[in-house]
């Protein structure tokens, strides 16, 4: 290739490799600069004593504790829905489905993974309306509906990682169990699943991170700006990402804005920890697999 | 072994090669005289292919591989140099002058013509020149008649023997000074193997050849000097 | 104790049952959206809904401006993100093993983990004023601001997929090209990228899907004006933001029904992009 062309390409590559991280770094630095000084117990609990707030003795009005608790609950519930359904479906697709059925299921999960989260939120809202009209007038968008919709959002990820992890188990290992007289189910439970549990777990954690950061799904299905700690599955709730969005459009004074920055950092730390943990796990799994070779 | 004596072209001294922590070559010493054919023999898995890849520094492309020692090469119009000390930016130049043909034909995912033309295009040769050189190279390896009507077909569709000769043609088209061959006739029937052997006899009048082979009769017919590895 | 056959049957039934539920979820969502936007089709007022006017008080429910807004913002984001993402992937491969390249890989993975709402929040206070002051036009809440941040959101998708697909190119090809005197850059541009072109297309289409499907960034940064944008500095509203903004107070209202049309458009687009990718992956060399 021509020297000039090579040089031009290299310069462009370097510019990209430097400018993109700088741009993101700028956004993050600004956030940390504004938000870190705000991080304190007061940000979390306002004027309420932390112990009282944690024991739910006193409602926190002026801190982000209810939003953190709401995010925790809605994510926990959605993962509880999604893990069994997702892992079982992943097992079925990897081990039992064949030919056309597998192809159709694969496409279906790909489509589900690509559906915009707001559309899943809309689906959740419609479901709530449907239940409200036909089952009970006491059902409104709430924690339960939100968690179910979030579960739909992360289901395809869990199915996919389960499927891929199972399929990556080598044939000799598979046959080893079977040749010793194990049934297909037995082999799955005692040879294959233990082998790929790490991979599945890291996929689940990544999916948890996605559920924790999503705003679009919950904003249609029951999240509100102020609700305190939800006391039942049918109550409305607060959540960190929605709180941040809400502050950005409705802040009344500089103090509220600062709380928004603080909340953004807290959310960043939570999702950052989840992603970091998932990647660490993935690396450990890779090392374990390589170690056997 | 002393590298100073005679008209050496390649002098390998105390070469060690590691893949990660595994040592594949240990203290290898080989000297190849200019315009001669040097054969490397040894049991399979003793690192013969690795040895060839060390000479043109292709092991740099294998993650985790590391070579220690000296590989001195005398190229035309330049002073003798230690290949292992060359900077990364000079490797493409080096590899153009030291052609390597793999045991398993690794054709590129392109047409027959473009496979042979690939190194020429990289050297920015003119279109006319490329066409001539491709034809010449294919004729040298007795492949021209078989593929002249299929030059634009994917190279993958050729038979194993045809692919092997294509890879040899591709390297010859570069016009190398040194030719490294890894079992060059392993995919060929006897008739073609003999043709390639006589081509090599012809080539060694002009260029230096280092060849890995496990056909003893072939080694006896062709080699000016034989080294045993492992 | 249950006998083995019985156990196997039950466990299999559980597997099938959960697969039926999860596997049909996409279809169920589609049917819901279709069912609720059906009144629009059957009443023959579809044309009205595709018109340029959105003014619920005046009885105009056209979603065309939102379609245009989504198209503008997502495609501008992709015009930025596709070359930058591919360039990052090429860079990381070109200097693979170097410290900076490894740092970059971690950084890009980190980027994919940053919550969108955090991007939006930060950009709201840096980028929007910057755009407003630089161009001295409008409020800074515009197509450009949203697209820039959306591009950052999509870059990791594009570059991580592209890089994985470049790595899947058989080592043999890399060695062959290297042995023929191609430099790393030449090998990447002449052998690896052309071989992985399907992967690059996948990366760009999946990235485009993310750009089109994202709600929060456009909602926070694009200004949400219901009009077809005529310049990059105009405010616009995307389909996703429109769904998020319509108040659901009155389930029976026509304006509420129109958002199902938006949802349907988004769903169909993501479905077609997946089908498109399947077709592309099957194409021969």
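In order of appearance the chains are A, B and C, and numbering begins at 1 in each one.
The rule is simple: a contact is a pair of C-beta atoms (placed from the backbone, for glycine too) under 8 Å apart; a residue touches a chain by one contact, two chains touch by 3 or more.
Note that the structure is a prediction, hence the values are computed from the model and not measured.
Undergrad: Going by CA means, which chain is nearest the middle of everything shown?
TA: Centre-most chain by C-alpha means: C.
Undergrad: What chain lies farthest away from chain B once each centre is taken as the mean of the Cα atoms?
TA: When every chain centre is compared against chain B, the largest gap points to A.
Undergrad: Between chain A and chain B, what distance separates the C-alpha centroids? Give it in angstrom.
TA: Computed value for the inter-centroid distance: 52 Å.
Undergrad: With chain centres defined as C-alpha means, what is the inter-centre distance between chain A and chain C in Å?
TA: For chain A versus chain C, the centre distance works out to 17 Å.
Undergrad: Centroid of chain B to centroid of chain C, CA atoms only: how many Å?
TA: 48
Undergrad: Among the residues of chain C, which are close enough to touch at least two other chains?
TA: Correct list: 183, 186.
Undergrad: Please output the residue numbers of chain A that touch at least 2 other chains, ranges allowed.
TA: 1
Undergrad: Two or more other chains in contact with one residue: find those residues in chain B.
TA: 122 - these are the residues of chain B that touch more than one other chain.
Undergrad: Which of the residues in chain C come into contact with chain B in the complex?
TA: On the chain C side, the touching residues are 97, 171-183, 186, 190-191, 194-195, 285.
Undergrad: Can you list the chain A residues touching chain C in their complex?
TA: Interface residues on the chain A side: 1, 6, 9-10, 12-14, 16-17, 20-21, 23-24, 26-28, 30-31, 34, 84-86, 88-89, 91-93, 96-97, 104-105, 107-112, 114-123, 125-127, 129, 152, 155, 159, 183-185, 209, 212-213, 215-216, 219-220, 241, 244-245, 247-249, 260-261, 264, 267-268, 271-272, 274-275, 279.
Undergrad: In the complex, go through chain C and note every residue touching chain A.
TA: Touching chain A from chain C are residues 4, 7-8, 11-12, 14-16, 18-19, 21-27, 29, 32-33, 36, 84, 87-88, 90-91, 94, 100, 104, 107, 109-127, 152, 155, 183, 185-186, 189, 206, 209, 212-216, 219-220, 240, 243-244, 248, 251, 259-260, 263, 266-267, 270-271, 273-275, 278.
Undergrad: Using the touch rule from the top, collect the residues of chain B that touch chain C in their complex.
TA: 56, 58, 61-63, 89, 91-93, 95-96, 99-100, 102, 104, 106-109, 118-119, 121-123, 154, 167, 170-171, 174
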